[in-house]
Structure formats: structure tokens, C-alpha cells
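Several structures are given next for inspection.
In what comes next, chain A is part of two complexes: it sits with chain B in the first one and with chain C in the second one.
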Partner chain A sequence: MTEKILTKDKQKEFLSRLIKVYQVFAPVEKEGNLLFSQINTPEELAEEYRNTKLPPKELFFPHSEALFRFRKGQVIEESPNEAERVIFGMRPCDAKSLTLLDMVFNTEGFKDPYFIARREKTTVISIACAQPQITCFCTSFGGSPVSEEGSDILLFDLGENYLVKSITPKGQQLIDSLGGLLTDAQKSDLKKRDELIKTALAEMKSEIPTEGLKEKLEGMFDSPIWEKIHLKCLGCGICTYLCPTCHCFDIVDEAVDSEGKRVRNWDSCMYPQFTIQASGLNPRLSNKERLRQRMMHKFNYSVSNYGQTFCVGCGRCIRNCPVNLDIREIVKLISGKQEAGRSFQ
Partner chain B sequence: MTNPYQPHLAKITRIIDENKARDLKTFELAFCDSQQAERFSFVCGQFAQVSVLGAGEAPFGIASSPTDQGFLQFTVKRYPTGTVTTALHNCQEGDLIGVRGPYGNGYPMQLLEGSNVMIVGGGFAFTTLKSLTNYILHPDNRGRFGELTVLSAARDPGEMIYKYVLKKWSERDDIRLILTIDKEAEGWKEKVGFAAPVLKQIDPSSKNAVAVVCGPAIMIKTCVAVLLELGFAADRILTSLEMRMKCGIGMCGRCNIGDKYVCRDGPVFTYQQLQEMPKEY
Partner chain C sequence: MDEIESKLRQTAKQLLSEGKVDLLIGYRQGSLPSKTTPCFITQEQEAAELVWNSFCTNNLAVYLPGLFRLDPRSKKREQKKVGIVVKGCDCRSLVGHLKEGQVPRENLVIIGLPCQGMIDEKKIVAKLEGKEIIKAEEQNGQILVVDEKGQEIRLAKEDFLRDCCLVCQHPVPPLYDILIEGKTARQAVSDEYTEVKELEERSIDQRWEFFQRQMSKCIRCYACRNACPLCYCPECFAEQSQPRWVGTTDDPSDIMAFHLGRIFHTAGRCVDCGACEAACPMGVELRKLTRKLIKDVGELFGYEAGVSAEEPPPLATYKLDDDDEFIK
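On to the complex of A and B.
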């Protein structure tokens, strides 16, 4: 696929042209938080940022959505009728998370029509990270600050220009539609890109021991480490809320009399109600079982089921945990490499 | 793309009160759309999501047999905290409810066919076992299975469900039916005692046999111990598990035991599989 140059003085025109054709979502500063929002003018895009507060999962799998409506005993279909969309400015870790969610919602046996329709109608334009945050650890789980995985187009910020690389036919199509706005990349641009990659990788300071993690966890269901880890956890669920790969959901009816809708809401394995049965039986009684489930699901069960660890190393759960429970420290503890006494004693 | 979350409307054609406590009802349903009735093809042991529009949906094992033509059955226990079970119990004959499915693996017919089958059920967990027994007893299928022994255990005579079905079975000579209740009761002429000791008394041969056990956790545990003692191999003892479920299709992430989703990889597991799974159920 081709590599092009978008000069920064043309970035606004680039976005304006996209806005004419697509619904464009991009990181926008809102009440002190950086969030993916639909933009109607290029000026709305946040100037400089590391990553958004919330992951992009809600653009494909909304926090709350109606699966269908019903009135007087009849089911009324809710067709996911989305416009063609572009998400601009995603980070590579988040783009990778979309490929993981694909494995959950688009299976051989069952297809989630709501998620799939949104995926199909979306072109993802990511921007490689030049300066990872101290809580970033994507490289520990096979990602990279410059990874192409999950993106249709990847941009490299070369200072005055963006190097624009199309990754998929969908991305190429978008680039082709922009005609003369982009110019061909020169050798010197590619050289700058390579330097950026080198710097970005060197900036990734956080490396955690993940080799053989799945296998280590096989025998650790009854390990005493869970007793240690959970004591600190409040069970607030913010880690699951902000995780780009957490996808557990609840289905409930919202109705007045005979009219209403069946709604899918995000749910969290950190909540006691998550597994409680009508009989009152709850197989995961305390935070210990729930936190173990979260770790096992990410680092063991998902590897069995999808061949992938369900963590992209974005660090949101670390930055936002009210008690500074650091998933990297848990992984270190599992690996037996955690320095004694640091976080859990 | 078919929408797996969309329920299909079915009419309640019959409601059967199953027990004296009146918290167990069997709902007999017919799909409103005859094509859907055709499409809903299942194997014994599978379940479906049953919903009352406005109250929500919950998973229930299918109590009718694939050989039953024109209707589906679900037996539902009403729990005071169960929104859906209570709403279902408030339904009348003629009401419309939603059904989607079938889901799960069902009983492994390849393993069961050609074997002697020992079925043990306790309380209202007998639902999919009724389906299986009726399936085996159907003239089209009976020849493919060996000897059939069914043990149904209940707390007291009033809690013994499917009496009208048990009566029919007891009149046949190609099924050995044993009924037991926990304690002596007036007028009760069958066995008395918990399922496990009665099972030991029956002493079913493990030779070329498969056992299927469904019931409360303690009953499964004690009956499996007896079966192992009798020489049943761990991979020839089957049970069906229940967990809280929402989607039924392996996406919502809540019914897992280890890396297995009860909705997708189960609900039927062999005892051997259970031994390899974490004890989180």
C-alpha cells in the first residue's frame, strides 16, 4: 500500500473533506476529559494528546443500546442503521483492541449484528505514538506504539507533516478519494518515520514479564496470591469500564406497561450481581473471586478461546484505579518476579 | 444476517402446575410463525432464552423432546427474586412470550446411542432428563439405545414433578423407573431415601453404560461418588450445569467456568471435564 504525505497546513482541509462525506469522530476536549466525539469542524479536534480517557469501544459497542423495541406484545426490530464513519486519531493499542472485540462479536457460530454493522461502516485512522506514557505497556503483549493492527490508515507525526500509510483496501479507498490533497512520500520522509519508530520504541519504558503467563496461570486458580491482591480492590469496576477489550454485558427490559425496549448495557465482572442466580447462589462471592476472574479472563481464558491475551497495554486501568492497583504489578506477581513487598504487602 | 437476540413469539397453549408448593409450572408453547417452528430444531439437553416482553429473559432447559411435534415445553421454578420467573408464572394460557435458541451442546447422542442409560434426576432439574427419556422411548429411537433406567428423586410426593409422564413410563416394560422421596410419607409406596443411597441399592451395571445426573449440587456430588464406586468411567458420567446467563451465545462473558462458557461449551459436561475445570460453580 502507498505512503503519502499530508502537510499539517492541510490537516484542516483533510478533516473538512472527511466531514463532508463521513461522520467523523476524533479526540475532543470535554470538561477536562479527552473523549472520542463526533466533530463537525476540524477545529474541534484536540491539539495534542497522548490518549483518550475512554477507549473507542463505545463507538462500536455502546454503553447502552436498544436491541429491539416491543409494543403490545409485538417485537419491533431495531436495525443498526449507521452512517459511514471515520474515527480519526485512534492510538495503535486501541486499534488493536478492535481486532480482539471482533473475535468475540463476530464468531463462526453467532454474529452480533449491531457491532458488526458499525465495524463495517467505520474506517479507522490511527496516529502512531511518538511518546508513550509511563503507564503504557503495549509492547509487553505483542503490540507496539507504531503497530498497524486494527487500523485502516496509520499516520506518523513527522513534525511539519504526517506520513500517511494505508493499511487496508478500505484505507486506500479513502486516501484515493482525497485526490491531490496528499503528495507522495519522499525517501527523507521515510527516514524520519524510521527515526520516529526507533524513538517511540526506545521510549517504551514499561516492560513486564509476560512469557508463559497463560501457562503459569493454569495452576494458579487456588493460589494464595489472589488473597493478597484483592484486599486493596474496592470492586468499583472502573478498570472494566475503561478497558478497551472488556466487553461483558447485561441484557434487561425497560418498559412501561406493554411498551418498551430490550437494552444491552455494559456490565462488569467486578460486581457481585454479575453472577448471582435467581436461586441466590453466587459462584463468585467476594472481590477475590471477581478479581481472579478478571485476570484469568484476560491472560488465560481468552488465550484458550481466541489465541489472544485480552490486554493491549493501554494503561487506562492503571491511571484511573482509585487505589492504584496496577495490573503490571499483578502480572509480575503471577510471574513470580514481583520484588517482595512492593505493592501487595 | 440473522439477529441472535431477536426472540420469536410463541403462544402459551397449556400451563401445568407441577407441584404442591405451586412454584413449578410447565409451559407448553407453540410458535406463532410455523416456519420458526421448523427452524427451531434442537437436541435433548439444549436450552433456550425465554422472555416475557417487559420483564426480561432467562435461560431454561427444554423439557419437551425433539420427537414431540408441534409444541415446546419449559418447566420454570418461580423465585421471589426472579423477575422473569415471576412474570412467567403470572402468564395465562393464550399469552404470547418470546423464545430464542436453541443453545448449548445438548446430550452427546453418539455416546448415549448403543449404551445402557442410567438417568438420575433430583427435584425440578428433571426437565431435560424428561426430554432425553421421552426421546429414547420414542419408537423411532428406542432400538438405538440399550437398557434404560430412570431414577427420579424428590423431597416429598407433592414435589415429584411430571407425575402424568412418570405414570406412562411406569406402564412400559422397556424402561425401569424408580421413584424416591426423602422421608416416609403417607400413601407413598415407592422408595424412601436420598438419590445416592437409592442409586447404590439399584446397583446399575457400569458395563457399556452411561449415566446422566441432574439435580442440586449435593445430589450430583453424592451420586457421582456412587457411580464411580460402581465402576462408571468419569467420561461416561454426564451432568448439566446452570449459571447466570444473558446472551446464551458466548459473548456477554458471565457464565464461564474457567475457559468454558456454560452457554456455548455446555451446559452438558462429563464428570471428567468437570474435574479439569476450576471449582467455581
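On to the complex of A and C.
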């Protein structure tokens, strides 16, 4: 895998060339929110940013997606989007989340053709974080602000240049296609990169105790901690919808008479209807059971099923929770490192 | 420590130690510098954690209907005594709950605090242009903010108040058992509907375009609904499946139907506490709609929600001498 240099004055040309060949998605300021959107000119890319408001999962697993249409008993298949795509400017935590989603949507015995088609057609170009936020805790779950996991290409912002590192053959292919636009990295560039890695890691301010978390949760289904932590939870879907790894969905038919479509919509374990059964019984009656489910799924069930914690430490749920219900506090509580209900500090 | 905060802690401690309340809902310092967080305390020693400052934005009344709801399994209602810390707007929501029979008055101890207006964290974030807030506290009517570079910035509180606080007419709780006095409430502005009037003057097409643009930001997380003290329905129309009233997709018509349906249910009830907009992660300007309804209800019925516990709600009563102006 190669390491190249892209000078910042050539960044626009770099993006322009990508736009000619690919559908390019990048962080764009839209109505006050930084979101991954398709760009048609390099100028649309946001200049400086920490991370997007919404995670990139929507580009692979849309909020609402027609699986197929039907008309008088006849099924009409939806043709998947054929375009090759590049996502530019993703953060390493979000890139890692894609590898977790792969485990759900592209696993033995369950292959989701819609998700897989999009993943195969996408090249991910990430930018390492030089300035993690106070809510970032990727290192607590095996991630890193400079992690390569899930990226095809990883950029390091060295000030005047980007160091461009190919991670996968797909990434290498893209770099090769750019020919002379990139130059070989010098030793001094690699040194700068190493300094950036050191600084970024030192800047990680938030660390939570995660050792043995899965095992601790084994015996905690009836723990009194659930009685207390859910009290302030409003039961909205912000934490699940802004989470890069939450992936639950609901399938409904949107039809008039015998014509319509079968749609897959995002759903949230925090919603009351999530578990309501045809009989009317709802086994998860309150936010207590729902919040417990969310924690169990992230930190226990997914470890059993996929060997991975389904939290990448991006901090979106912390920044955006309307009642400041901080997932780090919950993890501390589970780990027995904090008195029930007390604040995080 | 602030005198009011100290009085609040003392009051809470006394209520808990004397067994006058089983549970007290107030604010505590949050996990982030510019946030407080709702807290539910049951032990008198926990009273020392209570805070009262310019970051107490949450409307705590949102929790009350849930606390007194009929338990679906035991079919019983909680009989506990609940103490609650309220600002003017929170208290007006609570008055609404009383009028709508959601919360038993005899089970409540209302601790009222005259409000000087609360800070909109998003305005500070915008001012810092991407730099993070490491410290934020109030000092003599100013907000002292320290950013991640260690730079201290002093901000005039008035410039960073929440929009709903800027037009608030009732900073003092209209109903309380204990009023913690100390500071005078914020003086209200003279013309509170400037923004609504500006919107009313636009053409129908421009208004439609405005609302479509706002709704295009919505991700259907329902935070606006769940943060709203009025949205206490055990099952929301937006999620009912038998029958299904509104589609659950992200289609603009489904999203608009949800918001319009929800917001119209708040007509004559909304007190403009701003909880919906504060909760929205996407910055949807919901108050443009709710404020218009508040203005209309005021003009049509001469009614202001939550101000009096006795006055019947306009959409749940009738008057024989009503001239029915609105349907002519």
C-alpha cells in the first residue's frame, strides 16, 4: 500500500477528478447542519469540521427505502443504484462503523442485497482526526482518531499537504487512477504524520472503563441500575438515529388498493411500538426496558453475535441528547466505577 | 454558591427529610460544561447536587404525566408525592396537566423559581465557531466561557438567551407551593410576535416553501414530541398502526403530516417553553408554527395557556354568546 502527498492547492482538482468519475459524497453545510451530501463541485465541501451531525449509515441504509413495488399481485423489483461512489472526508470512527454494519447486513445466512450493493460500489476516503472532541471516546472501544479500519484511503492533514495512504486494493486503484496528481511522500512527511498521530492520541480526553463490560452485563438484566438511569430519558430516537451503528428497521407496505411498495424504514428500540406484538402485548413497557435493551444490544448481545461492541465512541448521542443522558455515565455505572445516578465528572 | 441555589437545596432537603415528598425532580450539573441535566432525587443528601443557573433549560413538567400514569400491568396509579422545580414556562405546562386531569394536584409540591431567562447553548456554540466549550458559568449577568484553546470569553447573557425567553411574558411561575425568591424575573419585551407577523406577511407560496424547507431537515426522531410536556398520549397518532393515520417513511408528506398533526394538537395548550426546538437535533424551527397558534388563540379567544388553573381551555369548552367569528 502506498503513501502519497496531495498538496492542498490541488485538493479541488483532486475532487473535480473524482466528481467526473464517481458520485462524490462529502460533508456539506445544509440548513445549519453538516451532512454527507452529494457534491457536484469541490467548493461545496465544508471547509473545517470536526464531524457530521448525522453518521454516514444513511448512505448505505437509507431512512426509508423501497424494497420492491407491487401492482395487482405482480412484484416489480427495485433496480439498485448503479453508480460508483466515493465518500470523502469521513472520520475514522464512522469508517469503523461501516465494518460493524457489514457484520449485520452482510453475514453468513443473511445477505442484504441493497446494503451490499451500495457497499461494493463505494470507496471510503477518511480523514484522520487531529482534534478529537470532548465527547469523543473511540479509544475506549478499540478505535483511534487515526484508525484505518473501514477506510479504503486515509488522509492525514499535515497543514499544507495531505498524506494519502491507501488501505485497501480499492483505495490503491483510486490512487493509481489519479496518476501524477499525487507525489511520493518524503521521510519528512511521514515524520509529520507520526507527530500528528501522537498529538491526536494525546488529545483524546475521554476514556471510559470497558474491560469486562460484556461479562458484567451478563448478570445485570435485573440490576437496580436500570431503575434509576432511565428516569430522565425522554424516549426519543436521537441516540439511535444519530448512532452510526444502530441499524434497526421496520418494514411496512405503503399501498393504495393493490398498488404500492414495500418500504423499509429506520426504527428505534427507544420507541414504544418497537416491540408491540399483534396480540397488543408490549414486553418492553417503559423506557427502563428500552434503554436496557439499547445498552445490552450495544455492549453484550453484539459481542456475543459478532465479537464486537456496537459503539465506536463518536459521541453524537452525548452531544445531542436533549436531557444529557450520557452513555459514558451508563458504562461507568455498569462497570461499578460510579455511584448510581451521579454526574459524569 | 448562589443564594437562590442554596435556598433551593435547603428547601429540597427539608421536603425530603420531613417526608413531604418521596421524589424531587430538579437540575444537576450535566456531563458537559454548558449543560445541566434533569435529576430525580429521593435522599436528602442528594439535595446538595441540585443546581440553579442559566443552563436549566429543560422543562421538567414533561416527566409528570408519566409518573402518574396508570400502570398497564397493575392498573394502579402511583400515589407518591412529587416535588418539582419549575420556571414560569414549566409551571404553565404543569397547570395544563392539572386542567387536563393528567396529574393530581394533591400529590405535587411545586417549587417555583422566578426565571431570569435561560441560555441557548446553540448560540454559544455558534459564537465559538467550532471551538469546544470547556467551561461555561454565569458571573454577574455575564457568561464566562472557556474554549478548548484556553481562551476566556465573556458574553453578555442577554445576547445568548433562548428565543422563547426573549419573548417570555410569564417568567414567574403562576402557581406554586414554595416560591424561592431572591432575584427579580426578567423583564418581558413589548412586542412578542415580531417573527410571527413577519411570516404572516409572506405569500402563501413563500410560507409553504418556508415550512417545507424546515421539515426537510426532520429525521423523525420524535424528540420534539417527547420533549413536549403536552405530548403525553400513551400512543401517538404518528405511530399507531391500527389504523395507520400517518406513514412512517421520510417522505416529505409523511413528515409534514406528523408535524402539523402534532402541533395542531397543542393549539390553546402550548406555553412556548421552547422544549421542542431545544430538543430537535436538526434545528427545525418548530416555534414558528406553535407561536402562530398561540397568537391566534390569543386573538380569537383572549386566552393564554397555563396562566390560570381555573379558566377553562378554549378548545374544550363553549360559550353561548360566542360569535363563532372563526368559521364565518
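Simple rule for what comes next: the second predicted complex is superposed on the first by the 340 of 345 C-alpha atoms of A that agree within 3 Å, B and C clash if a C-alpha of one lies under 4 Å from a C-alpha of the other, contacts with A are read in each partner's own complex, and residues count from 1 in each chain.
The criterion applied here is as follows: contacts are C-beta pairs under 8 Å (C-beta built on N, C-alpha and C of every residue); 3 or more make two chains touch, one makes a residue touch a chain.
Every value quoted in this text rests on a predicted model; they were computed, and no experiment measured them.
*Asks:* Looking at the superposed three-chain arrangement on chain A, would you call chain B and chain C a clash or a fit?
*Replies:* Chain B and chain C fit side by side in the superposed model.
*Asks:* Quick one: is A:Asp326 in contact with chain B, with chain C, with both, or with neither? Answer first, second, both or neither.
*Replies:* second
*Asks:* Angle at chain A, chain B to chain C, CA centres, as a multiple of 10°?
*Replies:* Between chain B and chain C, as viewed from chain A: 90 degrees.
*Asks:* On the A-aligned overlay, A:Asp250 touches which partner chain: chain B = first, chain C = second, or both, or neither?
*Replies:* Both: A:Asp250 reaches chain B and chain C.
*Asks:* Examine A:Val75 and indicate which partner it touches, taking first as chain B and second as chain C; both and neither are also allowed.
*Replies:* first
*Asks:* Touch test for A:Phe105: chain B only (first), chain C only (second), both, or neither?
*Replies:* The first partner, chain B, only.
*Asks:* After the superposition on A, what does A:Lys191 contact: first (chain B), second (chain C), both or neither?
*Replies:* A:Lys191 contacts neither chain B nor chain C.
*Asks:* Thinking of the overlay built on chain A, is A:Lys337 touched by chain B (first), by chain C (second), by both, or by neither?
*Replies:* Neither partner.
*Asks:* For A:Lys12, select first, second, both or neither according to whether it touches chain B, chain C, the two together, or no partner.
*Replies:* In the superposition, A:Lys12 touches no partner, neither chain B nor chain C.
*Asks:* Rounded to a whole Å, what is the shortest Cα gap between chain B and chain C in the overlaid structures?
*Replies:* Value for chain B versus chain C, nearest C-alpha atoms: 5 Å.
*Asks:* Give me the intersection of chain A's contacts with chain B and its contacts with chain C, in residue numbers.
*Replies:* Touching chain B in the first complex and chain C in the second, residues 250, 252 of chain A appear in both lists.
*Asks:* Can you name the residues of chain B that touch chain A in the complex?
*Replies:* 1-7, 9, 51, 53-58, 79, 81-82, 84-85, 96, 98, 242-244, 246-247, 249-254, 256-259, 264, 278, 280-281
*Asks:* Applying the document's contact rule, which stretches of chain A touch chain C when the two form their complex?
*Replies:* Those in contact with chain C are residues 31-33, 48-50, 53-54, 62-64, 133-135, 228, 231-232, 234-238, 240-242, 250, 252, 254, 263, 265-266, 268, 271-273, 282, 285, 318-320, 322-326, 328-329, 341-345.
*Asks:* Could you please specify the touching residues of chain C with respect to chain A in the complex?
*Replies:* Answer in residue numbers: 28-32, 35-40, 46, 49, 58, 62-63, 72-73, 130, 132, 134, 148, 213, 216-217, 219-223, 225-227, 234-235, 239, 241, 247-251, 275, 278-279, 281-283.
*Asks:* Mind listing the chain A positions that touch chain B in their complex?
*Replies:* That would be residues 67-68, 70, 73-75, 77, 104-105, 107, 109-113, 116, 221, 247-253, 255, 257-258, 260, 262, 264, 267, 269, 274-280, 283-284, 289, 293, 296-297, 300-301, 304-305 of chain A.
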